[in-house]
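Notes for the one structure printed next.
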Amino acid sequence: MKGDKKYDRAFYIGRFQPYHLGHHNVIRTLIKEVEELIIGVGSAQKSHTITDPFTAGERVMMISKAVSEFNIPFYVIPIEDVEYNSVWVSHVKAMVPPFSVVFSNNPLVERLFYEAGTPVRNLPLFQRKMYSGTEIRRRMIKGDEWESLVPRCVADIIHSIRGVERIRKLAQSDKSEEMQ
Amino acid sequence: MKGDKKYDRAFYIGRFQPYHLGHHNVIRTLIKEVEELIIGVGSAQKSHTITDPFTAGERVMMISKAVSEFNIPFYVIPIEDVEYNSVWVSHVKAMVPPFSVVFSNNPLVERLFYEAGTPVRNLPLFQRKMYSGTEIRRRMIKGDEWESLVPRCVADIIHSIRGVERIRKLAQSDKSEEMQ
Amino acid sequence: MKGDKKYDRAFYIGRFQPYHLGHHNVIRTLIKEVEELIIGVGSAQKSHTITDPFTAGERVMMISKAVSEFNIPFYVIPIEDVEYNSVWVSHVKAMVPPFSVVFSNNPLVERLFYEAGTPVRNLPLFQRKMYSGTEIRRRMIKGDEWESLVPRCVADIIHSIRGVERIRKLAQSDKSEEMQ
Amino acid sequence: MKGDKKYDRAFYIGRFQPYHLGHHNVIRTLIKEVEELIIGVGSAQKSHTITDPFTAGERVMMISKAVSEFNIPFYVIPIEDVEYNSVWVSHVKAMVPPFSVVFSNNPLVERLFYEAGTPVRNLPLFQRKMYSGTEIRRRMIKGDEWESLVPRCVADIIHSIRGVERIRKLAQSDKSEEMQ
Amino acid sequence: MKGDKKYDRAFYIGRFQPYHLGHHNVIRTLIKEVEELIIGVGSAQKSHTITDPFTAGERVMMISKAVSEFNIPFYVIPIEDVEYNSVWVSHVKAMVPPFSVVFSNNPLVERLFYEAGTPVRNLPLFQRKMYSGTEIRRRMIKGDEWESLVPRCVADIIHSIRGVERIRKLAQSDKSEEMQ
Amino acid sequence: MKGDKKYDRAFYIGRFQPYHLGHHNVIRTLIKEVEELIIGVGSAQKSHTITDPFTAGERVMMISKAVSEFNIPFYVIPIEDVEYNSVWVSHVKAMVPPFSVVFSNNPLVERLFYEAGTPVRNLPLFQRKMYSGTEIRRRMIKGDEWESLVPRCVADIIHSIRGVERIRKLAQSDKSEEMQ
């Protein structure tokens, strides 16, 4: 399966709340070195909070539509949290196809794969201040323009699932004293 | 089963740590519109902390005794947290009898039921500053009077289970460095 | 709270798939000795199988409607399985009001409460061959008459939720080779 | 997104232990009616047993390679068991993109989606005796030819991960008395 | 830490329901080759059934008392089931000190460690028909002599916790129709 | 088993991140009163964070090596968190040998055992400011000397597992925006 690129299959993980142009630029760079790319959608069981508004399935669709433009084989796989760091690497390895390298800048992800013997490479970074999930969610809640920070097809999906309405509702200060 | 009231069966959820006159006044109002009331006891698995001192069973007893004065059919059901917002509505629906409306002021609860297609109505509020679980627990810890904020039968139950002694012990600053 | 009956509050657990006249006769006898009755609905998270067709909430409603005729205070509480026998008694005790006796004929339930120091009494039995959940579910699947084995209000609930249609569908031999 | 086909996005679930020509023929038929196909990989957390030898990630790779020949957009998503039928549909919906129809012959899957209001269609069946996971695993254990029952790329993957060696080891009668 | 023995630290796992002379003879042989021994107590969360009557803590005590006669450093560690074979090895590795070899005759244990790259050696077997947990539990239930099949200190512990009374109670045919 | 000491078997729990001279001095005092000591390793499933850097198995090894100098029988048992305070005591009791007293200064631990009817005694404290896991981890991250705060054998183990390298990596400010 390995062609003339450096790695046959690489693993890249994020929360993608939502998938934005920062992620897109990272992947545009990665694909120069990898034959196939596995994209892990972290904290898959989380949704409907102001930091994690979108479901795993919604994020899978955003990523799949956007990455399909790059014309390389790719896999988009939800990864549920396990809250048990020592087994996290084997949990990931069970859920995704075999891979030979991990791309990450997260110290925990780097350390866990390092101790498991999997090579880890750092990611290039693109205008992190601007292309950031935190910034995009802040703009959605405030009612500011955010569409220019994500690929066009991602903006379309967020509109179709009424994602901005969702996050704005969740951001309302709680009118009841205490619950759930 | 539906008589001449607006809703046949309604769902109302809270943590009820403890059940107080604010809750009691809400229910007094709700029962004008509903034939039967389902009361969900949220975070059922939590107890023995300063924000969640009482067990689900203790809370079920407080609520059942207090609500029985209203003379309508009611159900008091513990609801354990699932930490997975997308399945929370179906978890609730599995544990309680069928209902046609939800009463809530909590944005997350409102949004989750809204996306699931269940009608949601907001609750009336009664002197929220005073009738508040936070205020009651604060008074218990400080040794102040709190009994006037809860129905008489609830105060009796809390005394019989030595609830104030429990929360005051839990509020002690930890004498050991670190643990569990 | 204790009046002139033998026990102030008793615990009785079953799966109630569905609640039938055997259970009803047991409770009719128990209430002579207890001031208040706690009914635990076991395997609460199970439903939609041929041995456990009904949800916890459906079972709570069946039991509540039927037991309300006896005119004693009662609690109907779903109990999710924990698959960890050593903690099961404390799980039950967390979810229900305090009780001073358990009524059960199940050796595991008897032993677990015995080791925890809670008194256990055996149940009277009423025509167990006929009044049996297994027999009722068998009749539902075969299309035979089953309504005479349950309280009238329970039959009404099962009809209103289309429970017989559900169990008959689940009993179809699987047309696909293998799944889930 | 909807073009001239009957359904915009359809959901099809199986265990795919392994993906074989029966599944492949089903999908060949489905794609005539659907714009996009979501393939759920059930019991995702299971592997390394004689009935479930392959990991979710191995199955994702088999399916992705085989289905890519059909030239329609598709998603392959691991679905972990939840052991709680009442929440299973919302678990699936959280993990995969939105869909408007389910294709299944499994009575439980059919019933759960039916009660949730999602349309269900039955699958065509192709020589089920021969194209069966059970038969393929039986042949692997016995050392018989099995490659003709799966797409060529699937056989290649199974060989590359030494899948036959794995299932044959697991099928050894246990030499120790009892364990895990 | 490594002295003149073949392995510095070895891992040996069983359910030990109860620990018997077969296990004891295995360990007597193993210690000739290992500096330190880690004994994993599998299915740690199981107890109070006729196949798994004893708690993890009871089994830890049996093993610790018996193995202390061998005068080598050892660790006895409960291992809860994870029902997810792909992460089981990393679960074990998180719970116990580092080891360089596994002793096992269980095909699943052998395969999982083999795929994880840990060397596995087979165990010697000693009169497996007689020294067997199944046989010992059968004798306990029937009221036959079983003490000669376990180390003396293990028989003492089982008597002190009234273990035979427990398993005989659990073996009673259920007097109630169905429960838990 | 009880000799001339005050307690036959005592339970002492901590997180031991890492085991240090404060713990060691506590145990040196305890053993004057107890025949056997059970040491529970709390939050056993946690590792690879800056507050919980070491695995349960690494902590078991540290403790076992250090405590073996005291020449009393002891047990070192990982205790996974259950996030359900009402069942925590029975979880502990399932995992460890029977005990007649608990030594703790933690209000929650004290209260839970008190309500379960187990006697609790407070611990002596030794220079808590200095001998503290927080202080040791702070020194490790800063590159300061920490070895003098732990028993010699514990320092050796931490070096052999490259524990300081691990915690320093985990303490790096995250270079990526957001993840897992």
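We just call them A, B, C, D, E and F in the order they show up, numbering each chain from 1.
Rule of thumb we're sticking to: a residue touches a chain if its C-beta (ideal position, glycine included) is under 8 Å from a C-beta of that chain, and two chains touch if they have at least 3 such contacts.
Computed from a prediction, not measured in an experiment: that's the story for all the values here.
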Comparing which residue numbers subunit C and subunit D contribute to their contact, where sharing over half means same and under half means different, the two sides are different
CA centroids of subunit B and subunit D: separation to the nearest Å works out as 43
Subunit A and subunit F have mean C-alpha positions lying a whole-number Å distance apart equal to 37
Among all residues of subunit D, those touching at least two other chains are 45, 47, 55, 84, 86, 93-94
Among line, ring, star, complete and other, the chain touch graph is other
Here the pairs of chains that touch are A-B, A-D, A-E, A-F, B-C, B-D, B-F, C-D, C-E, C-F, D-E, E-F
In their shared complex, subunit F is touched by residues of subunit E numbered 44-45, 47, 55-58, 60-61, 64, 68, 73, 75-78, 80, 93-98, 161
Given the complex, residues on subunit C that touch subunit E span 13-15, 17, 22, 42-43, 81, 83-86, 104-112, 114-115, 122-123, 125, 128, 132-134
Listed in rising order, subunit B residues that touch subunit F in their complex are 45-49, 55, 166, 169-172, 174-180
The subunit E residues in contact with subunit A across the complex are 82, 84, 86-87, 89-91, 93-94
